[in-house]
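This is the structure, below, for whatever I ask next.
In this document, chain identifiers A, B and C correspond to the written order of the chains, with residue numbering beginning at 1 in each.
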Amino acid sequence: MSNGTAARPDLRQSERFLSLYTPPKIDGDFTGKHIISVEQFDRRDLQILFDATASIRKRIRQHDRGLLALTAGRLMATLFYEASTRTDLSFQAAMRHLGGEVVAASNGVQFSSIYKGENLADTVRAVGCYADVIVLRHPEVGSSYEAAYYLDLLRQQVMRQPVVISGGDGVGEHPTQALLDMFTIFDMKGRIDGLDITMVGDLRHGRTVHSLAKLIAIYGAQDTTLNFVAPQELSMPANILSFLEGRGLTVNQTDNLYDVLGHTDVIYWTRVQEERFEDPASYEAIKDRFIMTPPVLAQAKPDAILMHPLPRKHEMGTAADHDALDADPRTVYFRQMENGMLVRMALLAKVLGGLWV
Amino acid sequence: MSNGTAARPDLRQSERFLSLYTPPKIDGDFTGKHIISVEQFDRRDLQILFDATASIRKRIRQHDRGLLALTAGRLMATLFYEASTRTDLSFQAAMRHLGGEVVAASNGVQFSSIYKGENLADTVRAVGCYADVIVLRHPEVGSSYEAAYYLDLLRQQVMRQPVVISGGDGVGEHPTQALLDMFTIFDMKGRIDGLDITMVGDLRHGRTVHSLAKLIAIYGAQDTTLNFVAPQELSMPANILSFLEGRGLTVNQTDNLYDVLGHTDVIYWTRVQEERFEDPASYEAIKDRFIMTPPVLAQAKPDAILMHPLPRKHEMGTAADHDALDADPRTVYFRQMENGMLVRMALLAKVLGGLWV
Amino acid sequence: MSNGTAARPDLRQSERFLSLYTPPKIDGDFTGKHIISVEQFDRRDLQILFDATASIRKRIRQHDRGLLALTAGRLMATLFYEASTRTDLSFQAAMRHLGGEVVAASNGVQFSSIYKGENLADTVRAVGCYADVIVLRHPEVGSSYEAAYYLDLLRQQVMRQPVVISGGDGVGEHPTQALLDMFTIFDMKGRIDGLDITMVGDLRHGRTVHSLAKLIAIYGAQDTTLNFVAPQELSMPANILSFLEGRGLTVNQTDNLYDVLGHTDVIYWTRVQEERFEDPASYEAIKDRFIMTPPVLAQAKPDAILMHPLPRKHEMGTAADHDALDADPRTVYFRQMENGMLVRMALLAKVLGGLWV
């Protein structure tokens, strides 16, 4: 235990803030609320957010400059303790398209605060003295809860009320990814109720699929089936399964994609990493079921959609496979990207209390 | 002397620009002036700046969008040769809140110009071809003087008049830190005259306390007492002491905090680093006087204020100590952060010649 | 061949996109076109662009806020896979001065996509889901062609039409550098026709001189002489020479600057690197002809101009030499910097379809 926490009692552990801090329920009003967990939302909140997203998309396509008034004069700071170009640029673009301003550490956070040994609680409050909203990406579970906790304390000391929006914390949650994924399903299929949805890959460690599955349950989807396709050792964790239980969903677990591929409406593909397997032979035995290629997609329904959070690597085969898949109208992962910016625009506008979105 | 300057006669030494270049006095007019030393200011200049800062704060709290016109169309570039998240974000946020624009090297300066071996004189002029104001953070003493020198030369070659504002150069000056600290004292105590002000920690190497002490002297504070609390080997340098001499200040030096804690109005806390001591035993002997904890603060006056430039580490004890101190209304370090942005807004608006601030 | 491309058939090679993708001709209309090669331009296009640049310069000097409307509501993303502070800041400043917005990966691209192993095709499309224009700097030849190819595919999947502008790809092209260089010649000498233009240094590896020479040929300059001064082993490549052939230019090659210095109108100086020579003695023998110092410049015509793409190192002598050269009115490299921003403003405004520039 030489470098355990017992030996460094002065270090805060972000994870304990998961129990110390309860994220505020949205309950129809986003204004001034930290966004750190999918559990803050209910069906109505999701409907409000997705309606706003659709409206913003329409206005963006019309080049409606009125959008530029929605967060004018408001400042977003990005604090990325680990790199994520997509999430980072998506949030920045969202804020810019609403007329708001963005600041980010010029040299990246990793060269500054961490280098000087400052803890997250102080860094977040220092930035909260300048910014109206902080987008936090951090490798530790619970870090966005810790940020929310200390920003609430800060409100008593300075005349500002900054909020934090999670851009992903460790193997914990990544709420805006789940929101954009769910919006994409809505947008492509027109509904969540009654769909057959399949998640494939490393479901044990995949933050993305955990949050999306929970969000579908939170929405209270009716007659919806969730198929979890994973190797035995990488199957969906028990705590997620118990969260889903008794919420009107049908859950199937299998390690064979072909059990469900022919009748599923939504395929959500993620990566299985060879390194996760103790026995290379067991990876060899199943890997073909976890690499999406044009012949695999050929067996899906003509109106299915293929989703992926990106970045993708070998789980979608070779560069030639990528090109072939991209040409198939059922692949929607670049739409997911676009929707990511739009959902974040809706969220920022609502949280910062724009007059309307 | 194999790698000394004699062996590389082609390298400019930033430090020699301290004698080559004389920073312009403000003398009531900030427009178009480089800001690189506290010695440019006099009492009236400080009063003008602090009045503008207070006015800007009032307007920000009223969400006055008129602020967005003050530097509209003007461009700030940040050139940070060493990381400083706080200073960096504070300047960026200040410029944004005034409606101005900001550019920064996407990958950090350290990956580009230095990598390619370009000297500061050329980099600063290249950036001066795009920007109206350059915020420079550099590890070498005199670097902001060198920047000012070459930007003045540039004015003869291009149709622009860019200015540099120092964001700290090496162990030299950090003028905007001193300005925000002094504004905070004014703001919390209503005056500088007649105060008992205590600076604690490594006063030998602390750029922050050097600049603040000089600025208090420059202000011409009357009946003000400066207490310097430091271990013998880390006491305030002779050149600072001689600067303060004969300017109407009372100066006390001690290595025992408790000599002054009970009657001081302002406590400015900084870090003492164990590594500075040749003999570990001598650090052990004094360290308790240089760690601020709730029991220490309990011995201060009820209306004292506790300042710190942040980031803080073990000089404010454990994480639990941090939390307890933060809950004490006498701690004002997050207000210092907020004031940092406000003072920089006032400075940018005045230097860039906004119609009014 | 263990790590050759044969062993990794899934990797795209950017270079093959040089033949796969044909950049669109400008043909009088810049709107929505990728800018990745000087070969897209003809004489009329250059005239249009340079007229717009001159007009923008005039308006910037008048502080004409109308410029801020030209790209308002449009978003530029910078994707720099290698550092280039100048190009990066110049593009950012250009977009800002037109009222547009800029996003850049906060931690630099090298810490994110590459780290996660994503290929350029996917990264560029992901960013294209947010941005209207992507400025790409990449170490591989053909990378901007690859980006253009995949962005065209993306247009079929999302409701956006993002364009790429090359910020330099490897030893390939750097079109905006050539444009700013040519504009500078126009601006200082009033014409290209009839000039005697000398390029000096490593002409074999110098991307900058390749692009500029081609652009002068493309312009169809009449009675113009190009002198290429380089050591034998670093002379202008055959493919560039053949491109220039039969386009009305007179081409001279020499390794002796003094053959041409006395009668040249434009001197374009670049670096010769000692490391390029197999035999150190052959570098020693010629190096004095490839270091520009005040005594060398003294032998040039009184109305000649001395250009350099910057950054400069020892090819312009010591720091004292730099200072002396900079004081000579014939040196125009900082004007080149300024023009770089102005040409990029004209280009961005035209590509993004501003109502007018």
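In this section, contacts are C-beta pairs under 8 Å (C-beta built on N, C-alpha and C of every residue); 3 or more make two chains touch, one makes a residue touch a chain.
From a predicted model like this one, the values you see are computed outputs, not experimental measurements.
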item: Pieces of the assembly after leaving out subunit B, positions unchanged; value: one piece
item: Proportion of interface numbers common to subunit A and subunit B (over half same, under half different); value: different
item: Between subunit A and its twin subunit C, rotation from the CA superposition, multiple of 5 degrees; value: 120
item: Mean-CA-position distance for subunit B and subunit A (Å); value: 39
item: Touching two or more other chains - residue numbers and ranges from subunit C; value: 104-105, 108-109
item: Interface residues, subunit A side, partner subunit C - complex; value: 61, 63, 65, 67-68, 78, 80, 83-86, 88-90, 92-93, 96-97, 102, 104-105, 108-110, 310-314, 317-320, 322, 326-327, 334-335, 337-338, 340-341
item: Subunit B to subunit C touching residues, read off their complex; value: 9-12, 72-73, 75, 77, 101, 103-109, 111-113, 115-119, 121-123, 125-127, 129-131, 153-154, 157-160
